[in-house]
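In the two complexes below, subunit A is the common chain; its partner is subunit B in one and subunit C in the other.
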Partner chain A sequence: MEDLTLVLRRTAKEILEKGEAQMVIGWEKGAFWYSSTSAFISKPEDTERLIWDEYCVNNLAKYLLDYRHKEGKVAVFVKGCDSRALNVLLQDKQLKREKILIIGLACPGMKDEVEARKLGRGSSIPLYKKCRECRYPNALNYDFFIGEDKVIKEIPAQDDFSEVQALESLSPDEKYNKFVANYERCLRCYACRNICPACNCRECIFDRTASGWSSKANNVSENMFFALTRALHVAGRCVGCGECERACPVNIPIMLLNKKIIQDINALFGEYEAGTDVTAKLPLGGFEFTDPEEFM
Partner chain B sequence: MSVNEVTWQPKILVFACNWCTYAGADLTGLSRLQYPATVRILRVPCSGRINPQFVLKAFQKGVDAVLVAGCHPGDCHYTTGNYFTRRRFLIMRRLMEYVGLEPERLQARWISAAEAPKFQQVITEISEQIRALGPNRKLRDEEWKI
Partner chain C sequence: MLVAQKAKLREILNALSEEYQVAVPVQREGTSAFELYRDGIEVMFNGNTSISPKGMFFPQTEKMYGFKTVKNTTEFVSLPVEQGKRLLFGVRSCDMKSLDCLDQVFLTKGYIDEFYKQKRERTVIVALGCNEPGETCFCASLGLDPQKAAGADVHAYDLGEVIGFEAVTEAGQKVLDLLKNHLREQQFALPPVGEFYLKPEVAGVPEKLKGMFESPLWEEIARKCLNCGACTYVCPTCHCFDISQDVRGEKGIKYRCWDSCMFGEYTQMAGGHNPRPTKKERVRNRFMHKLNYFPERYNMLLCTGCGRCLDVCPVKMDITSIIQQIKEAK
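Entry: the complex of A and B
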């Protein structure tokens, strides 16, 4: 990946020098060897800061929203999952395609930062769970591609819903107790929402306490209201990037809700992989006359 | 708040579409068809108006069950509202069951303006199911804890 870092820097530099974009969003080395953080580069000489290593897990697509009303273009580097996120933002009409320059990458899978901290430098660090399960490691929609657009990572044949299914087999009270145990920890910091590409509402109901939907009180009922509402809001648009779970400071397994919905959408309305096709219709933004009928 | 198990009666909230189920409920009354006084009917312009948040809020505020009711597919006053409702609640019912709510506590039915006997029968049925399950303690706000 070191060689690609050079290509990445060169590409970014050219883009800025030629004025093809006003800014390039990529990654630079963070405070620790196991962290790489987002970098916002607008001077050609600063492109030296850019890197591409196995800790570039941050999904940069959502940052584009901060620049959508600015003049000119913004260039962004995307892995497979980031690319799906970007596609969802385009499908939601939050971004204009002509205002962004997309540089695609082939992702080998990102290493788990938490494990890296525990195991130490030099040891073999496992990939993030979402990366082990990832079926679209390469950018899907791009203007340039760095390296060769061929998959360099093992691809599982199917999405893994085993955890969802294990939960489904429990009794209602067992399920509820687990749900409560997870969400009584929630701080309602909204980090999961802030990082989520599908959570792109200009005004989020959770910022509008005066509307009466959700108070600032931190109790398990309000927390569950938040969790279920957010899960339903992103239904059909969640790309499974796992960023919500990674951002959560109290390690709530948020993906358990997202995956349940993905599984059910597949089963009820046909296979749908959010963000893999920028022209696709959203499953909950439409219907078929032949949808399953349970309400007679 | 505590529940008196002897006097407790289920509290069921029905979101009823103005054009069909609400009129159906009206007809049930006009036809003198008895149904349990466990329901509170809330009229909405179309079943498509029923936001999942309404349902969550209702559980927070202490209802024991929610019925989402609208026009039969093909009969929506706004042509397609109920097809969206169908997708939305197929997903939501499964999600609620997944987090531990008993499936009987969130149901959806198509009931037309002419289907007074169906309204009577659905309400009776749900009331009996909820009576057997007892009060809902899940998802409740502090204020409404029992």
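Entry: the complex of A and C
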């Protein structure tokens, strides 16, 4: 990956020098050896800050929304998950494809920084669970690709819904207690929402507390109202990047709910993998006469 | 120094529970916070809690008063207030300093916040010294002593197999008097404090910021920020709140709850104007408040070096690096 860092820098530098984009969004090193963070480069000489290592977990697609009304193009580096997120933003018509220069990467899976801090430098650091389960490590939609276009990570044959199924097997009371335990510690900081590429509403209902729809009070009922509303709102558009769960400061297993919905959509409307095909119709974005309607 | 075997902590906390409502740092579900002590609960000794103890004095959601409609008028209904002495065990230096900051806000300059005052006055604090700083800690750079928390009633020290206790205040002495059957006198030297990884140099920063409101730095710093409230909610010193109400029929409750300057709604005005419309203004406000406005008003930083914001930020906004960038800015 160190070699690719140099290619990455050279590419970004060329893009800026030739004026192909006004800005390049990539990653740079943070305060610790196990932290890499988003970087916004607009001067060719600053491209030296860019890196590509096994801690570039931060999904960059969402940042493109900040520049959608600005003049000129923005270039962005994308891994598989960033790429799927970007596709969803395109499907949602939040971005114009011609305003983005996409540079694809093959991702080996990112290392879990919480584990890295615990285990220390030099030890073998496991990948994030979401990366171990990832089936699309490589960018899917790009203007050009950096590195050899090959599988550099073991790809599971199918999505793992075992945790969802374990949850489904519980009694209603057990399920409820589990949800209460998870969401009573929610701080309502909205980190999950703000990092989520599928959460791209211009205005979020949870930013309109004066309306009375939801309250700022922190209690299990309001917290679950937030969590369930968000889960249903990203249904069919959640790309499984797991950034919500990584961003959560109190370790709520947010993806459990998202995965349950992905599993249900697959069962009800046919197999669908969000963000893998930018031309696909969203499973909940329309209807077919053959759709199940058991509740009618 | 008075000491007790660490293995006897349970007996000590049980004894204290007879006199006080005791809260201790506890690890749970991959996170940690102060919780009410129950017999047998395991006290967390390694590092500080992910959630600061500020909620013990300034809860995230706090009912203020009730009201009801009676014919054509509104009557106020006072709500029950929790009474009784409380004891916090295991507060670290950074979080003690944050109580100093909160005291300034809620108890000085001619304004007393009764909700805060009532909780503060009925709470005795046993601070726990840090020997090994966490990776995101930088309290020493802000002039704090990680082993001796200023403002605590009792200093407790983690001495390996034993815990050392020193009373600092009269209230603290009362706590140790209660424990005299559990403690014995023994000489112990405090272990040296480990090396800090982060060492921001904050000298001169508050003064320099005075002329930096229009600096292009803010736009650059703000680019990566998501404007979520994680940093402000885990911060032991952030103290902004919003007042809201829950009305059901003829009755209602006024409550206050934490708010965050990172949120767009925070400065949204009734007419629709928002004086802090983008990330840039919000991020600028957060760091200006911590490093300039607060020092100007109260002569202390609104940061205690606890490092929680660095720890939770999903995009690794880093106040120590921002301090450095402010220093380097032209």
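Note that the second predicted complex is superposed on the first by the 294 of 296 C-alpha atoms of A that agree within 3 Å, B and C clash if a C-alpha of one lies under 4 Å from a C-alpha of the other, contacts with A are read in each partner's own complex, and residues count from 1 in each chain.
Quick note on the criterion: a residue touches a chain if its C-beta (ideal position, glycine included) is under 8 Å from a C-beta of that chain, and two chains touch if they have at least 3 such contacts.
Remember, predicted model here, so these are calculated numbers, not experimental data.
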(request) Could you look at A:Arg208 and tell me whether it touches subunit B, subunit C, both or neither (first, second, both, neither)? (result) second
(message) Taking the superposition on A as described, I'd like to know which of subunit B and subunit C A:Asn219 touches: first, second, both or neither.
(response) both
(request) Considering only touches as defined above, state whether A:Thr5 meets subunit B (first), subunit C (second), both or neither. (result) neither
(message) By the touch definition at the top of the document, which applies to A:Thr276: first (subunit B), second (subunit C), both, or neither?
(response) neither
(request) Answer with first, second, both or neither: which of subunit B and subunit C does A:Asn266 touch in the superposed model? (result) neither
(message) Looking at A:Pro249 after the superposition, I want to know if it touches subunit B, subunit C, both of them or none. Which is it: first, second, both, neither?
(response) second
(request) Would you check which partner chain A:Tyr190 touches, where first means subunit B only, second means subunit C only, and both and neither mean what they say? (result) second
(request) Using the touch definition from the top, say if A:Ser35 reaches subunit B (first), subunit C (second), both or neither. (result) second
(request) Take the contacts of subunit A with subunit B and those with subunit C, and give the residues found in both. (result) 217, 219
(message) Give the list of subunit A residues in touch with subunit B in this complex.
(response) 164, 167-168, 172-179, 205, 213, 217, 219, 221-222, 224-225, 228-229, 231-232, 235, 257, 260-261, 264-265, 268-269, 283-284, 287-289, 291-296
(message) Under the stated contact criterion, what part of subunit C meets subunit A in this complex?
(response) 28-31, 33, 50-51, 60-61, 135-136, 197-198, 220, 223-224, 226-230, 232-234, 242, 244, 246, 255, 257-260, 263-265, 279, 310, 312, 314-316, 318, 320-321
(request) Provide the residue numbers of subunit B that touch subunit A in the complex, in ascending order. (result) 52-53, 56-57, 60, 73, 80, 83-84, 86-92, 94-102, 108-110, 138-142
(request) Using the touch rule from the top, collect the residues of subunit A that touch subunit C in their complex. (result) 30-32, 35, 37-40, 58, 62-63, 66, 117, 181-182, 185, 187-191, 193-195, 207-209, 215-219, 243, 246-247, 249-251
